[in-house]
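Read from first to last, the chains carry the letters A, B, C and D; within each, the first residue is number 1.
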Amino acid sequence: MKYIVKIQDRKYTFDYSENDKKISNQNNEPLDYDWVELGNGCFSLILNGNSYICHVSEQNGGYQIMVDGEVVSATIEDEQSLTLNKFVKAHAKEPSEQVIKAPIPGLVTRIFVQAGDKLKKDASLLALEAMKMENLIKAPCECTVEKIFVKSGQTVQQNQPLIQLKKSG
Amino acid sequence: MKYIVKIQDRKYTFDYSENDKKISNQNNEPLDYDWVELGNGCFSLILNGNSYICHVSEQNGGYQIMVDGEVVSATIEDEQSLTLNKFVKAHAKEPSEQVIKAPIPGLVTRIFVQAGDKLKKDASLLALEAMKMENLIKAPCECTVEKIFVKSGQTVQQNQPLIQLKKSG
Amino acid sequence: MFKKILIANRGEIALRIIRSCKDLGIKTIAVYSDIDRSSPHVQFADEAYPLGGTTSAETYLDGNKIIRIAKDHGAEAVHPGYGFLAENAAFARDAQNAGLVFIGPSPESIELMGSKTAARSLMEKHGVPTIPGSKKALQSEEEALAEAQRIGYPVLLKASAGGGGKGMRLVENPGELPSALQSASREAQSAFGDSSIYIEKYLEQPRHIEFQILADSHGNVVYLGERECSIQRRHQKIIEEAPSVVLDSELRKKMGRAAIQAAKACNYLNAGTIEFMLDKHRNFYFLEMNTRLQVEHPVTELVTGLDLVQEQIRIACGEAISLSSVGERFWGHAVECRIYAEDVENNFTPSPGKITYLKPADGPGIREDSGVMQGNEISLYYDPMISKLIAWGKDREQAVRRMIRALKEYQLSGIKTNIPFLIRILQHPAFISGELSTTFIDEHRSELFKQPVTSPEAIGLMALLKHINRQRRISYRSDKNHKTPTSQWKMLGRMKHSR
Amino acid sequence: MFKKILIANRGEIALRIIRSCKDLGIKTIAVYSDIDRSSPHVQFADEAYPLGGTTSAETYLDGNKIIRIAKDHGAEAVHPGYGFLAENAAFARDAQNAGLVFIGPSPESIELMGSKTAARSLMEKHGVPTIPGSKKALQSEEEALAEAQRIGYPVLLKASAGGGGKGMRLVENPGELPSALQSASREAQSAFGDSSIYIEKYLEQPRHIEFQILADSHGNVVYLGERECSIQRRHQKIIEEAPSVVLDSELRKKMGRAAIQAAKACNYLNAGTIEFMLDKHRNFYFLEMNTRLQVEHPVTELVTGLDLVQEQIRIACGEAISLSSVGERFWGHAVECRIYAEDVENNFTPSPGKITYLKPADGPGIREDSGVMQGNEISLYYDPMISKLIAWGKDREQAVRRMIRALKEYQLSGIKTNIPFLIRILQHPAFISGELSTTFIDEHRSELFKQPVTSPEAIGLMALLKHINRQRRISYRSDKNHKTPTSQWKMLGRMKHSR
């Protein structure tokens, strides 16, 4: 079965054989690998003699890999799901609405906008205080404010919707 | 329910109430305790304000407790099992035969005795080599050799019977 | 010497103080909030008592609760650590009135240096140079605008009661000033209960150089050399080192003498730190005095061989310090990295969560002062610092290389940390050549937020292998480097039996 | 400088060498036996190749396999660590013939010092004092009895090819000699492939004092001071320290000069150790020379500030050592404890098994050189040492107190270790006052095998709570110190939500 691993913006294709557990890369080169779980999600990979110790955890349907002090996110699709997804994407239009969610739990200390405001990119939307630091949440693009879901003084959870924006143009 | 905890040669009685989880000691004093598992068999106990970090593991039906760099073994019996055991013990005689088992896995390099030998306490029985060190296994008391289960040059597992002895007198 | 001390703090600093007490044979009392029940400082203290509640205000900031526990359980002294009540004069006074020794300066010294504007005036009176700016809290937006005009943009707004970057704003032009003033003022109110803000000249490419001092009750004041803490993000230090590459013996003596003057000006007792800014013309200015132990004190410990917490305790006991010229010669070089639970790519916002896997680094030259265990939670209620990693080397190059090695070995999962970012700073040519300033991160932004270097094929394979084997534990070795696959299975069988 | 080095070893020393290589920017190759696949040295090396097999003979002692891997993968040099091939002249020669640099002395020096009897003769020729005894391997029981009679009981039997206490026996009277000779001879054959035994005078209450030396290819030989390694069980060191409390500057110079003489006598190159016995009259005798890095080298590193592995690599590269008088003045004091998987109560027999829980100690003054991770197995195939804990202090008292604190913090379950025993030694009045000798453990046996001191009621309660709650994870707090039981449940609920 072919698998497509996406790391940041790049894609890597692997071919995995269930029978003999052999894996080849996108150039059809068989990979000489040795994979051992050391425990608690910590793994050892020896690939062509190169040794890596890594920690892999599942995250939002993808994987987060920590190796050599670096943290990288990866998502995986197999051939079938990829074909399906392409079909779906081709028939959907890009959403022009975006809901800004709380990146961290905290306290809304101030709201700078109201529904209907037309904003430039990086305009301040609201201030969120967490761990005694004030964090300004800014507009990701030129947009119009559609709805505001929170009030000043309100405590919010991570990923709680704060403001709904509509992309300009 | 009353529990008797045996540590080395001393016994401590506790009374535990399933309902409210209260525990009192042998002087009927209620114990002010706070017990939290930190993970992996590691626990925190705060007893009368004194804080302990310990690791408790099950071992041969009892428990091994590691605290403050020390390792202590404990066994636990409840009232019922204790009464039963006393009855059994009272009707059994002390065994005069003892099987010496391998304390560690290793290689039997030499056997110093043969069946029928009368031995003094601490007489060498056999030599067991493990991790490149030779370990002498000695007679625990004055005794006679009854059976020898192993040969020189043989590899043995931990707790494998080596020699059967009969206590003298 | 004291028999029992209560530690009025949490996290790494509480544990670090407990360790010094154990080394002195002093019993320790820990206090804890509800969510800190599983934290190491609770486990490693001799005694531990709950404060009840979760927020700072209900727990580590509630001086009355803490003093009551200290009295009830026979503590003779209280060590406040840093943060929380460490620079709270009222707490120091209450502790003393309750018959406890406060391990720190007098309430009067705390008060004097606690107001940044009063401290500046005092320093000017004693001939310690200060940064041009308003001497007192701003009363209005108009006053702020006028003052900024006088000293010239860019200017810095700072909280009078502040520290640690809270309530601080850089203002480049008059248009930005009003909103910056309001936001700084709000943050100051929330962090310190005091919204007062003052203004000062913003120095270009300045270095943050601070001097550690010790003062005993017999009138001795010594300095233990400097720490350079120029690497900061959001006005908070993340990498500190001792000594500083930029100081020579002459400048060190000059600044050290100024630090002693500053300490004497406020009748200082115990350990304290005089923070200076050093501009590119090697002019130095008094910034503030921290009347407590600093987060970054371990780098001074490694290059002087002292245990500063033990020195604090000895001074608080009335002992005289017996140190001579330790501030001039150092044993090698030390670097500290603060490991934070934060999302670097997202403007360093805190990243709370549970630590699901933790295996810290060790080996030659590495010290770790950690306050967490695997399974602990980094919550929103307190500072998101996880641990401090400190590396010593016979020179700066070795210390930095050891730190990079340790950061790469450090394994922590479950939350985002700044470890990759710290590695990129330490590997940056400007850092290696010692060209530091408090604007280092902004200046080198493009290189510091670069992508990882590990082979993407290897990373991709790791994700794939985890994906394929999600349900079962596997161990697979392809046969190229090994005799036959069979021997591998044999080996596994053998291992199982020997368990 | 080398670009890539193969490390022909396992466990803590392999990892420790990898770390020094990383700090120098040198790539590393690890080799491993089947059961070491999950060991840290495999994970932290840049490259790792299997040796195939499990026994020492099939793996870490198979020089040909190792040299082939080194050549196949572009290593320029081989570091042997200690044990295994470290003192194998044939391997050093084979490596050189294959075009690899052997990081250690020449094969000739290894051979010369490898035979204990030849080494003694050489030392006597060069005026280095040796212990009275037979100069050559004993040929018969009769010769042994005659020789013992000549030098006087008690005598010590020792393996000619030996080290580390293997093949060593103390004989108090003629009756014990025959069986001791046979058993020592068998052990020597099995450990070193050579059954030769020699005999020497047994010194009463002797101290083991050894000198670290470095010799470069430019003719420079320096000593880096001494280590005292008197605390031994089964003739193996378990606690080492630097400097020794018993040496003054004069004796140190005298012994240091003898050490340099010894090194020059065998044309020594690279790091080596001259072991001496020091009797109560302050006479010292050459014991043997270890032509490699010692297990206990970290204590010298901490008091000199050097990285001895880096020094070894630099010397092997042909660099000249640039050290002056480092052997005379030290930075504080350092103590090392070897943590072994062993059953102390059962005559220190190895206690193999799986490490089910591991949380090492850290904090001020503590360095750990460990070779294992949680989940690893201590097997019967190799040495049962788990880790080395090293503590530094500004004086001996502080170093020892820090070590005790770290040992008490160290948490390891699944196998028996000597940690409780190490703590009891460090807390013993004779150890504290520096009254050491190689018979320390025998002398103080009754106090060292004492029972634990933690409150038995607390220990009993721990067992009971684990027993009661075997099936479920509980968290219970009785209500005396807390407002109401309810608030506890609330707290737990709150924690769950925030996860």
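By definition in this document, a residue touches a chain if its C-beta (ideal position, glycine included) is under 8 Å from a C-beta of that chain, and two chains touch if they have at least 3 such contacts.
Keep in mind that what you see is a predicted model, and the values were worked out from it rather than measured.
Colleague: Look at the interfaces B-C and A-C and say which one is made up of more C-beta pairs in contact.
Modeller: Of B-C and A-C, more C-beta pairs in contact link A-C.
Colleague: Counting only Cα atoms for the centres, state how far chain B is from chain C in Å.
Modeller: 48
Colleague: I'd like the Å distance between the centres of chain B and chain D, where a centre is the mean of that chain's Cα atoms.
Modeller: Those two chain centres are 31 Å apart.
Colleague: What is the distance, in whole Å, between the centres of chain A and chain B, each centre taken as the mean of its C-alpha atoms?
Modeller: Computed value for the inter-centroid distance: 54 Å.
Colleague: What positions in chain B touch 2 or more of the other chains?
Modeller: Expected reply: 34, 36, 40, 49-50, 52-53, 105.
Colleague: Touching at least two other chains at once: which residues of chain D meet that condition?
Modeller: 44, 49, 352, 359, 373-374, 380, 409, 481, 498
Colleague: If each protein chain is taken as a node and each touching pair as an edge, is the resulting graph a line, ring, star, complete or other?
Modeller: Graph shape here is other: it fits none of the named patterns.
Colleague: Pairwise, which chains touch?
Modeller: After working through each pair, the chains in contact turn out to be A-C, A-D, B-C, B-D, C-D.
Colleague: Within their complex, state which residues of chain A touch chain D.
Modeller: Against chain D, chain A makes touches at 34, 36, 38-40, 44, 46, 49-53, 105.
Colleague: Spell out the residues on chain D that touch chain C in their complex, using ranges where they run on.
Modeller: 15-16, 19-20, 22-25, 34-35, 44, 49-50, 52, 54, 298, 301, 305-307, 331-332, 352-354, 359-360, 362-370, 373-374, 377, 379-380, 394, 398, 401-402, 405, 409, 481-483, 487, 491, 494-495, 498-499
Colleague: For chain D, which residues are in contact with chain A within the complex?
Modeller: Of all residues in chain D, those touching chain A are 30, 37-38, 42-49, 73, 373-375, 498.
Colleague: Can you name the residues of chain A that touch chain C in the complex?
Modeller: My answer: residues 3, 5, 7-8, 10, 12, 14, 16, 21-23, 25, 30-37, 40-43, 45, 47, 49-50, 52-58, 62-72, 74, 76, 103-106, 109-110, 127, 129-135.
Colleague: Spell out the part of chain D that touches chain B in their complex, as residue ranges.
Modeller: Contact set of chain D toward chain B: 166, 183, 186-187, 190-191, 234, 343, 346-347, 349-352, 356-357, 359, 374, 380-384, 407-414, 416-417, 419-420, 423, 451-468, 470, 473-478, 480-481.
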